[in-house]
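Consider the two complexes below, in which subunit A is the common component and subunit B and subunit C are the respective partners.
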Partner chain A sequence: MTSTDRAAGPPRSGAPGGAAEPVLRVEDLRVGFRTSRGAITPVDGVSLELRRGETLGLVGESGCGKSVTSLSIMRLLPRDTARVTGGCISFGGQDLAELSERRMRAIRGNRIAMIFQEPMTSLNPAFTIGDQLAEPLRRHLGMSRAQARARAVDALGQVGISRPARLVGQYPHELSGGMRQRVMIAMAMACEPEVLIADEPTTALDVTIQAQILELIRDLQEATGTAVLLITHDLGVVAETCDRVAVMYSGQIVEQADVGRLFAEPRHPYTRGLLRSLPAMNAGADRLALIPGSVPPPDDLPPGCRFAPRCDRRFAGCDHTRVPLVPTGEDHDTRCLLYPEAS
Partner chain B sequence: MDTLLTVEGLTKHFPVRGGWGRTGAPVRAVDGVDLTAGRGETLGIVGESGCGKSTTGRAILRLIEPTAGTVRVDGTDLAGLGPAELRRFRRRMQLVFQDPYASLDPRWTVERTLTEVLRTHTDLGRDAVRERIGDILETVGLSAHHRSRYPHEFSGGQRQRISIARALLLNPDLVVADEPVSALDVSVQAQVINLMKDLQQEFGMTYLFISHDLSVVRFISDRVAVMYLGRVVELADTADLFADPKHPYTRALLSALPVPDPAARRERVVLTGDLPSPSDPPAGCAFHTRCPLATERCRVERPETRVLAGESGPREVACHLAE
Partner chain C sequence: MPDTTTPASAAPGAAPGAPAARPRRDAGTLRLLLRKPLPTAGLAIILAWTVLGLLAPLVAPFEPNRPDTAIKLLAPSAEHWFGTDSYGRDIFTRVLYGARLTLWTGLIGVGISFAVGVPLGAIAAFRGGRLGGAVMRLMDALLAFPQLILAMAIAASLGPGLLSAMIAVGVVGIPEFARIMYGLTLSLKEREFIEAGRALGLTTPAILVRHVFPNALAPLLVRASLGMGFAILTAASLSFLGLGVQPPTPEWGVMISEARGYIITGEWWLATFPGLAIATSILGFNLLGDGLRDVLDPRLRTSR
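Take a look at the complex of A and B:
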């Protein structure tokens, strides 16, 4: 059945003409995990393209595989339990899977950077902010101690920290959550990466701080042309910051489109259900529209469409056929039998 | 509406111990909160981390002892109750926490957790307890056979249903729900919110719904109180508050909320700076350090809460400039 998927292929790969060559391309990525209950495939045939200067949102609920996808790109999956079992991740013409760990280290944190949800756990409590900011600069850009320190102060100024020269001598616990996330962004952006992967960067922050951080990422992106892969569960954040969106469900992308189109004409019943269930979409209503049931356990997936058991538009074919993600309109891909491939 | 809960001047200061035996300035987590909630009403409390919303909820239930202020539930002043009376009164007030995994004992089956509540607060016999547990599980959308399972065997949404079942076992008048859906995914969140609304319609209890999520609060609340640095800065009918926020902090908060509509482009009031420390709140209006409209008066004079006329009834705001 895998072959059906492959034949349909990643929708835009190799399309001649059009936009510039993507900076990062994920093709048919498969990741396997060994668990106490057997082998599972939390990412099952994910294809993505990230173009220079754009923001691609990767949305979905817990366990849909969005974070595993990003960790696979960074090659940061736990080595003893997880393995990329198929597909390819190409960055600047290279397959990241084929690089030695040493060459991967030269890319990670330098040309592809990542920020995480919880800035406290990703900063080292035992080192000053200055030391932590200087490390990638010295390692990747070969700067001297003094140069790196000066650059660190600059970088902190760029992320809107008011007294950067004082902050470089401080430790992470002395900062608020918003400040720590600014430091993380300063670290991630210090080497002007081509790709920034932001995994729920504002989920732990208050809304007013979230607004500041999202604006900051946008400003830096405009200045550097960095492509951003924004992983989030928050459709409001997606609507406000992304150019394109990919919606994941149960290890697969079920819909991918330009952000305006996805919110205006969602096609996949999961995307539609998700949008309908938002409290913001139900102002004045007495009850929220619901998606019934829950996500299938990863070790017991439905044989056909993975959303079929919860779908209000399910028909007999949904339960038996593995459904491929196909282009169903201009810059719009859908994994649903109701939407046949557009010619 | 018949008033169930009246909170006046509620204050909770946490002492801070400095090094070498010094005592630091106390953290003014809650600093003079006045609230009322009607029977069967949902009062939302919103605000950012550290604004004192959770402490307010806990101080109302006397799970932490307030420093000052009075809390009356159905006419009874809670401060006037002795330990035994308070324990008896507790059955009328329940709390639902954010993280159901942390608030359910992982070594206890659902049945044992629920039985404990009934044994403590009622003198129901064994069969009546069993029957009540079966009923309550069905009421919250689980089934009676879930009783013999452990918390880890449930999903996050199901665990929150168990917490709600535990809170409802004794038919409380007041349920304080502290971020009850914040840890849940969107689709599960919607299920739990609908459940809470249905249960309120059926049993008529009052909810104090504490959350940082404005869209959830807007959907579920009849009235909303906005807190900043331990005080209520604005309190209004939900429709009034969202249509026409009066306090500059409320305005900033609402404008920061991401809207799931890429076509909506609106003016955003981006607040500069972080929340000031609650152990050293700014003089005058606590919000003046971040307020885009602050005047000299705001820096020196603390604004009293004033009552204004709203579309759906009186509304309160603590700002010199609001009209």
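Take a look at the complex of A and C:
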């Protein structure tokens, strides 16, 4: 937790010892939305822990509550329709819900930063790259215009942009998607945040650029000790970058484990389905496996296990009991009746 | 006082309320604008009226207000290019002096509309809810009045005069700007860079000023330029009706008002030249506004 262990690499597997104290802890988070069709709960009891220097993957299909979870952490949910109805988000030992809006603003972009999915639209078209990069520096670090500009050039160099001095004077529309995402990362990392939330940072980019961007995030993370919450629907990305994974389905975490363990022995039928549906280079199958059916609508959830209607291993008990998320192995939690709590 | 008009205040980049844009961008916009003939013509007309108005005391051949009944109602000639009016005042001189008043009224009027309408629209859209609804319904109510009637009512209630005319013109223009800004802000606030700005820890006012306003500036400038034409016409109409600038001040609306009795008796020049002055200045602003609309698209802008 001190600056001396900055150089230490991220703990690849649940590292024992001092690093275990989480920077960010989400406990039993519930978020309610008011919609024209009544109240829904897109996030229903999500708990996460993010330790210093580690990357946690939050995986799930669209609408499962990944992004709502991340916006709740930033306290950026749309105020008029969404509300955190339960649970607690603590950052550095502090309950974020208790902070004033002013103190929360001092954390956003400074100690918790965020990268968005769409690099093409996340930059303001009316300002140059340099102006936009300078914004968090001036706001949070109180730099002068000249200092911020010099720092912006450095930051662009750090994210692997050649000729950064030229780029600071350019407008976003003159840059490619990959370049813009690098700029977004430079902006997010400018204040060396303790937590970086990356919401599908590579979804809009083509595959070669994806790999570069992921590598860049990993490099910066190793240099700064930032904890990364990587939100994605892409298990390939997870395998490549994450230390731990939480799989979300319909507003709940259904399985959470160390990345190696999750890929080696997935337990929850949903996770298994996801892994089966990954295209594999060496497999001869000409059709990818599918998970039948679709996600239940949030205003009409099954009373028991939410995945039950689509599950190939469903039995009578699945439809009636609410299934809890329980530890089913060492550093491995599963929300499935097939896997009873390990003692 | 109208005399304090500065050359910059009629330049296109300095529409009222606009922040000082950086020279680089101005140069780019201007360069693009000057590639098109019609906006160039519009700009030339506006510049010509601005210069002529400013230099009126130097350029004008006669005193604008000294009556000389010996030379009244002279037809246009080499000496009196636009003829003389019923008091023997030189119409060319009075048209030149009128230019500065007219431009000044337009600028202040549009400035009021812009300075009040834009923040109202932005806040209404950003806050939404009951407050936003109330503001925009008020704007709708203002729009429901015929604009000239509303301007007359306001000017009459404030008492005739230059300032009342400016305020009346300004208030009548507020809802237009509010509605444009409302629509722009509604669409802009859903853009990701606004959310990214929030994620960087910016306050709502900072987001409005730094991220919403600059992206709304282009359509607002277009509206401001077109609004100048409307403001000039409305101000002249108010003066014509006796609710604005009062005689004997050389103002185009006043001049037409004084001339209206002579149109049927054959002294056509009394009303024609101030009328042409109004028409050309409005044409100038409309041509410029149309040109700006094409040019002020951020996608056409580059850093070089």
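Things worth noting here:
Please note the rule applied: the second predicted complex is superposed on the first by the 320 of 343 C-alpha atoms of A that agree within 3 Å, B and C clash if a C-alpha of one lies under 4 Å from a C-alpha of the other, contacts with A are read in each partner's own complex, and residues count from 1 in each chain.
Definition applied: a residue touches a chain if its C-beta (ideal position, glycine included) is under 8 Å from a C-beta of that chain, and two chains touch if they have at least 3 such contacts.
Model, not experiment: these values are computed from the prediction.
Once subunit A is used to superpose the two complexes, subunit B occupies space next to subunit C without a clash. Touch criterion met: A:173 reaches subunit C, while subunit B stays clear of it.
Touch criterion met: A:279 reaches subunit B, while subunit C stays clear of it. Residue contacts after overlaying the shared chain place A:113 against subunit C, while subunit B stays out of touching range. A count of residues in subunit A touched by subunit B and by subunit C gives the higher number to B. In the superposition on chain A, contact of A:234 is made with subunit B only, not with subunit C. Shared-chain residue A:121: touches subunit C; no touch with subunit B. In the superposition on chain A, A:136 makes contact with subunit C only, not with subunit B.
The superposed arrangement places subunit B and subunit C with a least CA-CA distance of 6 Å.
Within the complex formed with subunit A, the residues of subunit C that make contact are 128-129, 191-193, 195-203, 210-211, 214-215, 217, 298-299, 301-303. Residues 74, 76, 80, 104-110, 113-114, 116-118, 121-128, 135-136, 139-140, 169-171, 173-174, 184, 187 of subunit A are the ones that touch subunit C when the two sit in their complex.
Contact residues of subunit B toward subunit A in the complex are 48-49, 155-157, 185-191, 193-194, 197-198, 212-216, 218-220, 252-253, 255-264, 268, 270-271, 274-275.
Within the complex formed with subunit B, the subunit A residues making contact are 61-62, 176-179, 206-212, 214-215, 233-240, 259-260, 263-264, 273-275, 277-283, 285-291, 294.
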